[in-house]
Amino acid sequence: MLEREVVYESVLDHDFLDEIYSLPGGHEIKKCIQCGTCSGSCPQGAVMDYAPRKIFSLIRAGFRDEVLESNTIWYCSSCYTCAVRCPKEIKITDVMYALKRIAIKEGKAKAGRKAAVLSKTFMNMVNKYGRNHETELMTRYILTADPFSAFNFMPQGWRLFSNGRLPIMPHKIKNIEQLRKILKKVEELGEI
Amino acid sequence: MKLKGGIYWGSGCGGCDVAVLDIHEKILDVAEKVDFLFWPIALDFKYDDVRAMDDGEFDLVLYNGAIRNSENEEIAKLLRRKTKTLVALGACAHIGGLPSLANYHTKQSMFDRVYSETESTDNPDGTVPLEKSIVDGNGLELPRFYNTVKTLDQVVDVDYYLPGCPPVPQQIVNALTAVFNGELPPKGSIIGAGTRTLCDECPREKEEKEISEIKRPLNMIPDPEKCLLEQGLICLGPVTREGCGARCINSGVPCRGCYGPLEEVHDQGIRMISALASVLGPKEEKEIDAVLDGIVDPLRTFHRFSTAASILRRKMI
Amino acid sequence: MKYTYYPGCSVKATANLYQESIDSVMPSFGVELEELEDWNCCGATAYMSVKELMSFAISARNLAMAEKFHRDVVTPCSACYLVLNKTNHYFNDYPDMRKKLGIALEAGGLSYSGNIRVRHLLDVMVNDVGFEKISEAATSKLEGLNIAPYYGCQIVRPFYYGCGACSDSEDAFDDPDDPICMDRLIEATGATSVKYSMKTKCCGSSLMGTEEKQALKLCRGLLADAENNGAHCIVTICPLCQMNLDIYQPKVNSLFGTKFNIPVIYFTQLIGLAMGKKPEELGLNKLAVKMTEPMKQILQGA
Amino acid sequence: MTFEPKIVGFLCNWCSYTGADLAGTARIKYAPNIRSVRVMCSGRIEPTFIIKALFEGADGVLIAGCHPGDCHYQEGNYKALRRHRLLQRILPEYGVEPERVRLEWIAASEGERFATIVNEFTEQIRELGPLGVKESLAEAMKDDIDHHEEHIEESGAANEA
Amino acid sequence: MSERIGVYVCHCGTNIAGKVDIDKVVEFAKGLDDVTLVREYKFMCSDPGQSLIQKDIEDGLINRVVVASCSPLMHEKTFRNVCTRGGLNEYLFAMANIREQCSWVHVDEAQTTEKAKDLIEASVRRVALQVPLTKREVPINPQTLVIGGGIAGIQAALDLADAGKKVILIEKEPSIGGHMAKFDKTFPTLDCSACILTPKMVSVGQHENIELLSWSEVEDISGYVGNFNIKIRKKARYVDAELCNGCGACWEKCPGTRVPRKGNVHEKLSLGPTTSIYMPFMQAVPAIPVIDTETCIRFKNGKCGICAAVCERNAIKYDMEDEIVEFEVGNIILATGFQTFDPEPVKRYGYGRFDNVMTAIEFEIMNCASGNTGGKILMADGKEPKSIGIVHCVGSRDKHYNEYCSRVCCMYALKYSHLIKEKIDAEVYEFYIDLRCFGKGYEEFYDRLLGEDVRFVRGKVAEVTEVPIEEAEKGKLVVEVEDTLVGMVRRIPLDMVVLCTGLEAHESLPDVAGLCSVSIGKDGFVIEKHPKLGPVATATDGVFIAGCCQSPKDIPDTVAQASAASSAVLSMITREKIEIESATASVDEDKCSGCKLCNSLCPYLAIKYDEEKGVSVVNEALCKGCGTCAAGCPSNAISAKHFEDRQIFAEIKGILSA
């Protein structure tokens, strides 16, 4: 968290709200009434730098770095409880996704370094095979994110393996070319 | 002095000519009063005979059939010049009639269909009629086939309209009698038909309407006493001019609208859409659609005879 | 009843026991699941965190391929269920998105009109098959077996806004806060559904890989409430929930000093047990937390 | 010049016209392509009006009435809905995209919604391009002898008489 | 006939002129067919503006008028009056809306100007085809129907009756009094609800000008302003009102148990006896019991009859049947009131699952001295709670339920805090989002509460749960909420939770509103004629509204609106006559073939088939001019006056002519 005694307008990014607002799913965020239903409902609220409600306040005020560098977005586990309950029907979970994407893109995902690595690894896996290969995913993720944590994952991996739940070979879809063409086209079109 | 008359057959089925003959022995009375100087279906006169006449020499010309090709139009214009009174006889000349259903297609698509695509076509060389061709060294010219079928009054000025497919013979007699007696209504009027809709003539019992299912005549035997529309049959009676004597209705067949719309009704078919949709039972989109699914080919059903006279007249191209 | 089946990646791997039980149980109810040929990953939550349009595009590939069969798509995985539904809604709700996805699919020779309904296998079981048939098939009544119905989060929030009152979301088949269909399904098998207030609370899902301690804490809460309410086992409907609660249960115990020993099984396995099928047939031998003695006794009694 | 769609709106007096007024009172900006015709009830709107508007040069027609259940005259809007459903079935046969004739429920309180719908609809029509009934009809007449633009004018006038 | 049309273009200050090039528009209008003069003025609706038009008419310069200014909904009447004053039939006037739907909503000046031109051309073409219509007058029946006997209906009925006018007051419950009869104290003055309401109820019961029909429902309303025909169903009470003296012997001996309706009334709580024959509460007016046939043993199996046996006056009549009575009235006041939001679908708050989660109205009844806890605040197990949480905005300000704010909840919630503090020694938590204390003395009341040790937590409650995490939470209800001012999520164990459910329009409103053709907004409340300037009238002449059928209100506002409605009715009655719609439909009998297609289209049953003539005819007194029949008539025999086909075609042609 950045420490400031007084916040000067000049350091705030007043386009941030519109940046989020213009995304699909972001259009309700201006309607937030700061009721706190989201924060109160969030299973991770307690360990977040800012609970979801505060994130919306920060976005609104233009605290771009605080939001993107917070651990909040990386603690969101996509349970959608907040989104279901939000009286203004703000797609909170989707806003979190949007923030994750911006943070990754701009290299601000320090607090979520591991999550970002996991997500990227996952994406590459899918782009490569068309499907997720859990064994390879975890191996690659651990090696990239934190090789020393490997021992921490071993008991679980063993439990899966010994119970016949860990396939060694990945499954590649037959028409991976088609999938790649689609992805290539998306790349050309650019994100929304 | 005998009147000079002519009857011409444009794009039609010839039914109107037959209807004229269907006045039976009264044709003698007519013949007594009228000298027919042009009637291709019955008498051997040539176009040049007409061209040789003075302008306005005919007292009366009955033109039946729509304007489908350049010949129809050319002769319509010729006859217009040569006659004092021009009557559009029958649905085709009046509102386009069945031929004008072709307006939902283009000339090209019709030619493709007729000369190469139909199941029974045997045309290995792909021969299609050409406007100009050389046959045995001689030039041959065919009338130009138009993209759009038109009513008579869309190409020439028309004095009176005698609707119906075909018109009721008695109405033809009445109309001719009126001409003989010089008792014609103002120009542009409909003669030989009433001013209200067919429901006025229809003897069936009518109640308040709420239609929850559309049926087809082939699937049911209608109650002989009750309004056909109320029984779910698409009957164009409510949007069609009376005058036919409810012939179809009396035979248990719903009206198809050949007498055309009433005065000030701009589009007979669209009017029917409004009227019919107004009295459907359901309120939910899905249920409405379910009822509407029962109408096979609504556009052509509602505009069976009146396409050429309708507001849009044809499919966009 | 024929459906297009979209198993999802986990069901083909770490949750293969789920698939085994589905294969074993479903034919008895006349539920025919024809697997969508050459399906690809739905993108889950991770893909969405990096690229949005791409994640919708890969997800839409599945829907486009499924559309030509004009059947509902059924998936046993809550995450796939949510993501595919979400794709549908974004596709239909945002014209710009629809346009771009259309172009992208076209590049792959596909097209999609947005009209495929995606359903969870649980929905099919309770609404198309019905409790009555389940009850009829449950020849070995599981009397005395106390079960905590654990729905997890994503299944009850298929399209998460507008479904607070449930009725206005066509996808929702149960309440997002207090679903009851699995409770009733459990009762239909003859077992007892225990009061389980944590039925829709999050298990931590993918946080288990990144913020393990937090995820384990959530699992502890879920296990504790089940134990406190006297559950012999937990029944779930989602591969990830099952993995977190099952594979990580020993770790929860070691971290928090608890002594949980609660098997976490799939609802299809439960139905199979009620039908008198052998545990191996249902993949129950693949559980990390094995069936407990009291459970076995009840099953033997049944 | 870019194509500026011409849109005719048939608005019911009680809900939709009032809603459109509200957009004005609230100064919500929207595309200037719509011109409204006020009728007392959406039930007054005849499909003939719509076809006529297309014939006169409209590229799109918006019909707006009270939400179901809110009709000031109880059920006029249901009649509008049914007519619209039926009309939608025949438009493609004319070669007119059904999207060009849109039915919406707009309440007196929904100024913003009115503006959104108009913007959306305008863009949709812009994408579809000009309808050009008159041009199309002229095109269809091209190979007729003595073809003159007047014929269309005349027949238009005849229809109106 | 050559028309001489005058076009008047209004600048509306800069409202129009700022965006529309007036000069161009004027130039354009001058070139239109039949237009003989075009004038512009800063404010056409001002006196000088109006005089301009009037003078031109009087001078014989013009015989049709087009004003291009604001919306017809704003000033159509004004300019019609100008025409009338100038001696021109008011239906020879048309308005082009170049402000609300033009200058105010578009950005590009050139395009806005073009649009203004098109709209003016449309009006010019239209007005050329308009025809004079005559105004019609009908007498007004001085009797008034008031629907609903809550405080709104009571106040309106008394005001009218005191002015010497006859009133029929109908109430669907056995007694009048409405919700106010269930309250103990009223905020912010804390005066006793019964003490101020009961005298009014008694006056209603005794007033010579009021015919009170309780336990009755409106069956049908037909007719129009000044002349409504009303059918009312008097439901069978099974007690003869003439004979009963309200002694209470019947319900004291009744063995049946009534289950109070779901929704507003908790099963365990009731003001009156919970027997099958019952009085809703002791101060009921009329003080006559009713038999609840659903639970009455006699009605279930015929085996009882105790009430009839104990009734000394033989007032019990099991064979009583519903009765339909008819009235004629000139005006109607809707006062159907409210019901509270049913919180059961909000599963996370646990209503219906946890015994000690209750709704506001249940808490009111619990606090009411005549309720069956005798005014004591008790938990389900009969013990006094040690801590109570009051949850605001339940079902309110929430897109899933009701988007609006119910206005009264904050205040009654504060009242509860006060009552709790006054009655028992319990901790009270108010979970609020915003405290809206805007009325007279309201903020002062809040200020007072702040001093009464109430714990205010700003945050919408996320969940009420029974799952304990720590020892202190065992056996309690735990509220999970983010204290948004602190920024922390808190878990607060409580004994009792009161849900401040919002107000919704009463479930009977849609039916009743439908009967009198009044529109309901998407919030479920009646749409008033004008939100600011016509708050008690509706779009249907002769139908007025009072109280919560229009929007959530507290008692002072309700009473004020009820008095306003009755004074509006009085001013109608005093006029004795009223003008009715001239722009009706009419059938051209020469064209009508009697197909009867239109007969079912009219919502007002104004079209009847004339057997003799064989045509359908419109009863113009009933016709409201919607024009649906004209659109449906297959033979064009029906025309909608002032909205004739040719006029609309001209308008279409006009707007598309550019």
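Order as written gives the chain letters A, B, C, D and E; numbering starts at 1 within each chain.
By our rule, a residue touches a chain if its C-beta (ideal position, glycine included) is under 8 Å from a C-beta of that chain, and two chains touch if they have at least 3 such contacts.
As the structure is a computational prediction, the values presented were derived from the model and not from experiment.
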Which number of steps is the smallest that gets you from chain A over to chain E via touching chains?
-> 1
By label order, what chains touch chain D and chain E together?
-> B
Both chain B and chain E are touched by which chains?
-> D
If you count the C-beta pairs in contact for each pair of chains, which pair comes out on top?
-> A-C
CA centroid of chain B to CA centroid of chain D, Å = 30
Chain-centre distance (mean CA atoms) for chain A and chain D, in whole Å, is 45
Distance between the CA centroids of chain B and chain C (whole Å) is 66
Averaged over CA atoms, how far is the centre of chain A from the centre of chain C? Could you give it in whole Å?
-> 22
Which residues does chain C have that touch at least 2 chains other than itself?
-> 161-162, 164, 176-177
In chain B, residues with contacts to at least two other chains = 266, 271, 274, 278
Specify, in ascending order, the residues of chain E that touch 2 or more different other chains.
-> 348, 398-400, 463, 601, 628, 631-632, 645, 649
Touching chain combinations (by label order) = A-C, A-E, B-D, B-E, C-E, D-E
Residues of chain A that touch chain C when the two form their complex | 24-25, 43-44, 47, 74-75, 77-81, 83-86, 89-91, 93, 97-98, 100-101, 104, 112, 114-116, 118-120, 122-123, 126, 130-135, 138, 141, 152, 155-156, 159-160, 163-167, 171, 173-175, 178-179, 181-187, 189, 191-192
Chain B touches which residues of chain D in the complex?
-> 46-48, 51-52, 54-55, 68, 75, 78-79, 81-83, 85-87, 89-90, 93-96, 131-133, 136-137, 139-146, 151, 154-155, 158-161
Residues of chain A defined as touching chain E within the complex = 33-42, 45-46, 50-51, 53-54, 85, 87-89
Touching residues on chain B, where the partner in the complex is chain E | 195-200, 206-210, 227, 229, 237-239, 242, 262-266, 271-272, 274-275, 278-279
So, in the complex, the side of chain E touching chain B is made of residues 590-597, 599-601, 614, 628, 631-637, 645-646, 649
